[in-house]
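To keep things simple, chains are lettered A, B, C, D, E and F as they appear, and every chain counts its residues starting from 1.
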Amino acid sequence: MFLWVIKRDLLLAMRRRSDVFTTLFFFVIVVSLFPLSVGPEMNMLRTMAPGVVWVAALLASMLSLGRMFSSDYLDGTLEQMLISPHSLSLLVLGKALAHWLVTGVPLVLMAPILGIQYDLPVEALFVLTISLLLGTPVLSLIGAIGAALTLGLRGGGVLVSLLVLPLYIPVLIFGSGAVEANMAELGYDAHLSLLGAFLLVSLVFAPWATAASLRVSME
Amino acid sequence: MLQGSNLVCVRGDRRLFKDVSFSLEPGGLMLVLGPNGSGKTSMLRMLCGLSNPAFGEISWCGTAISSLGGEYYSVMTYMGHLSGTKDDLTVVENLRISSALAGLEINETEAREALQYMGLSGRETLPVKVLSQGQRRRVALARLLVCQTKLWILDEPLAALDVSAVKLMQGLLERHLGQGGMVIMTTHQEIEVTAASTTQLQLA
Amino acid sequence: MIWESWSEFFAMGGYGVYVWGSYIVTFACVIGEVLLISNRRRTLDKHYGLIHDSNKKETDNETTS
Amino acid sequence: MAINWFKYSSPASFYSLSGKMVPIFMWLAVVLLIAGMYVGFFVAPTDFQQGEAYRIIFIHVPAAWMSMFLYLVMAFWAGIGLAFNTRLSSMLATAIAPTGAMFTFLALWTGALWGKPMWGTWWVWDARLTSELILLFLYIGFMSLQAAIDDPRRADKAGAILALVGVVNIPIIYFSVQWWNTLHQGASVSLNQAPAMATTMLTGMLIMVFASWMYSIAVILKRVRVIILERESHTAWVAELRKKEAAR
Amino acid sequence: MFLWVIKRDLLLAMRRRSDVFTTLFFFVIVVSLFPLSVGPEMNMLRTMAPGVVWVAALLASMLSLGRMFSSDYLDGTLEQMLISPHSLSLLVLGKALAHWLVTGVPLVLMAPILGIQYDLPVEALFVLTISLLLGTPVLSLIGAIGAALTLGLRGGGVLVSLLVLPLYIPVLIFGSGAVEANMAELGYDAHLSLLGAFLLVSLVFAPWATAASLRVSME
Amino acid sequence: MLQGSNLVCVRGDRRLFKDVSFSLEPGGLMLVLGPNGSGKTSMLRMLCGLSNPAFGEISWCGTAISSLGGEYYSVMTYMGHLSGTKDDLTVVENLRISSALAGLEINETEAREALQYMGLSGRETLPVKVLSQGQRRRVALARLLVCQTKLWILDEPLAALDVSAVKLMQGLLERHLGQGGMVIMTTHQEIEVTAASTTQLQLA
């Protein structure tokens, strides 16, 4: 049934194939906007690169949080999930995972190409990809809590950012920190292990917190 | 089986009803009646544990439903004003997925049979968003055909249905009741359902 | 002929990776595009071939032409 | 010889006409391509500045030109479709977009591969490069929008509005990017300083440009034929066609 | 009636006071994220500042585009607007204006304070504010077209960014360009007049294009 | 006044109806009837210009409605399956704003009177989202009381209404028809409305 949830969400995403691509292109466009507004000096762009890519990944993941629950809420599916005999946390985990597959994975795959645009060295590209691979699932999991809390509130889209961004900040700092450390020829293992730790913790607690928030929001 | 005692419902600063008690046995039908805004929907949502009564207790086989959790949910099916269908998925997909979420996986053939019974043959692979209001309702109701739960809680199941679909629902309800199932429903329309016992719960 | 040998031709004066990288990707795109279209056509034909018989009556009744 | 053009503006007759034209253009494209490649690789001399790397020009420039041209053509047909409600022109616009996007991608790709040996970097935020990138986004936006809409008529109209707004924006983007760039510093590299071309190079390039034209026409016609079949599948003439093809 | 539309949208925004604040806080948070992910060198931050503020303003405005029409669409109000005897373009202009009042104006007011965080000189702060004042209405007007085109499409939130961001680019370039020109002690009048020209053009054409898109989307 | 000739409606690859013609004169009521999915809603949306017929013409006083535009919209009121009320606004605000958008500004007192007539007194300042299904419907229908248009196009106006509200609607429709208005409506429920002339348009 866990698989049914994932399957359903992926099916919905496939029905609108463009969904997957649009998150991706949003990411690409935001990353490309910065040079446009900051100017084309390569040196400066190179220092900015990890930060920009990470901020863009964060925004892309956050932007699509809205649709994690809201359509299910509006058409009554969520109500049905709450009174489903299955564990709600597991259902939620399935939804978060589907969200990551649709929004996170494409970003991870795309990041190296964008890094090239900013003229990053090869090893930095590698670290960037790994840090995104560890970090983006955390974004989806934490985001799920925010999405659940703001369910059905008007302006939820912006409110969710407000709730979720502060929680995203550690991920952002260590994610971009890893790449910067690598570029400054320092060790980046510590950063990555911390990201891994975040991932484990959020895998355990986020579904549970999300399930609780959903119950509160639907009361 | 299902019992409510001294239920009180408060919404905002308004008390919708108080001291409502009832008990429902297998084969029993309970019609919740009352004018618009009298608290029928609020009552049903309490009965399926989506909200809590301000006072009073609802119990299933003698145990409070709030402490039963998943055990209660696996014998109960609720259909509210919202149909819980996804606009972008096709009719078959909707039925299969909503059944799976409710705890029962069905295969393509079973799904198609249920849909045919509901008069949706030829529409199985259309996305739900192009269907008419009544057809959407039928898609949601098709789940009743495949689910194997004992207790059905239906909020205005007849809304938007045409005459033939109302007949169909009537047959479906009678079959369920005949097999020892229980039904709690609201409606503003006339419907004749023969049941082992029929209770009318008049609100306000 | 401006090339001494084939290996020199493939080396492209040391720029082989770039030149051939461009040309190979270009031809891949071009051929891929043509194939994609043919494939789209084929699925359409197949779709038609499959449902043509069973739906024939229905299409006759319900077409709008 | 008077041709009744209106006759060909109906999808049915256009379908049969274009069926005859596709192979012609396809063969023309192949012949020109072979000729162009021959001139490019075996006749044109080595460039004294860039060495052999310059041979990328034979696909880079045609791709870059086509990418811009095709956007205009697409917006033109989309606009005609919106204004006069002609199905065929909207279908043409839909068919042009993927090919345009492909050429845009190729211009970017070959440019990047050319930039690495010449400028030492895959990418700079130069005016021309940046506006080409934005052009790719515009194409993708157009295609995503149309893909997201199920009803083809609605997709046509929505796409047309977007394409027209985009076409207004292209010159603005081009000049704004150029101005933005030169404000800071002289662009570190300027495409305008390409060395004066040898005539053989120029011939090769022009032949390749023609080849891409022929190819685009062929592919777009081919695609539009499929689109016509998909959209008109319920009409009598398609049923007729099916019967004929089945009999064969 | 034009006034009724504005009044209604403002009333709705007021009903959820948080709406106004959340756009603002989103803006503030994005701007503040950058120093976190890029690092604290003041010189570099100063050069980045106009670009970052403008990108954040653009994203904030874009994020709230979703709600410009979608709730009206879902509950049938938009249908009623289409069959209203009033001119649809005028109604649309009203909605875009309301959107600007709710999302654009707070940003304009907030920008100087954020500029101070990045240690911008006073005159640059002034130019930044003016450029935002001229530019943000353009964002709302162009955004309305995108919002109307993607109405009722799944994944609309991200699709709208894809459509709208390329159209925003000139505003972004000239907006941040004005500030940078000022900081480089060059004239910035030309930038501002161009922004003004964009504003006029979009005031005339955007409502019309939006109305056409709405009719298409509702067919 | 309102005439449709040889209307054809195509949805997807399905033809819902063809060659439907009718004409409606002042005081006339037209009931559009048919089972679920027969094209009633599609028909009404054509009649108010929200979509175009695949073939045929709809004219008001002899002019095609597509060329009339705003002129037609100012004599016509449409109410669809969706109620067009804003969840976050109060009942009074909703009524006043929706009237203003439809071209008629009303003041607070008029609004409150209309709402009282619809049985919503005491709920005027609640946000619509807390109302029951039937009460929401009443808020939407209250606009009929204040609007001064000649032609009403109503898609299942009785859905979710209780018995007393159905009576109320009946009275309202009869008053409108008596004053020379015109009504086109669909419904799956029984309703008795006396009119100068009643046409039944049976689809499929």
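Keep this in mind: a contact is a pair of C-beta atoms (placed from the backbone, for glycine too) under 8 Å apart; a residue touches a chain by one contact, two chains touch by 3 or more.
These figures come from a predicted structure and were not determined experimentally.
Compared with chain B, the chain whose C-alpha mean position is the greatest distance off is D.
Interface note: chain B and chain F, two copies of one sequence, contact each other through mostly matching residue numbers (shared numbers exceed half of all numbers used).
Highest inter-chain contact count (C-beta pairs) belongs to A-E. Work out the mean CA point of chain A and of chain C, and you get 35 Å between them.
The mean-CA centres of chain D and chain F are about 49 angstrom from one another, to the nearest whole unit.
With centres taken as mean Cα positions, chain E sits 42 Å from chain C.
Centres computed as Cα averages put chain B at a distance of 30 Å from chain F. Among all residues of chain A, those that touch two or more other chains are 12, 15-16, 18, 22, 25, 29, 36, 39, 71, 74, 154.
Of all residues in chain F, those that touch two or more other chains are 13, 81, 87-88. Contact of a single residue of chain C with at least two other chains is seen at positions 63-64.
Residues 145, 149-150, 153-155, 159, 162-163, 165-167, 169-170, 173-174, 177, 180-181, 186, 194, 205, 209, 212-213, 216-217, 219 of chain E are the ones touching chain D in the complex. Residue ranges on chain C touching chain D, taken from their complex, read 1-3, 9, 12-15, 18-19, 21-23, 25-26, 29-30, 33-34, 37, 40-41, 44, 48, 52, 59, 63-65. On the side of chain A, the complex with chain B involves touching residues 1, 4-5, 8, 11-12, 15-16, 71, 74-77, 79-87, 91, 218-219.
Chain A makes touch with chain D in their complex at residues 16-18, 21-22, 25, 28-29, 32, 35-36, 39-42, 45, 116-117, 119. Those residues of chain F that touch chain E in the shared complex are 48-52, 70-71, 73-74, 76, 78, 80-89, 93, 97-98, 100-103, 105, 127.
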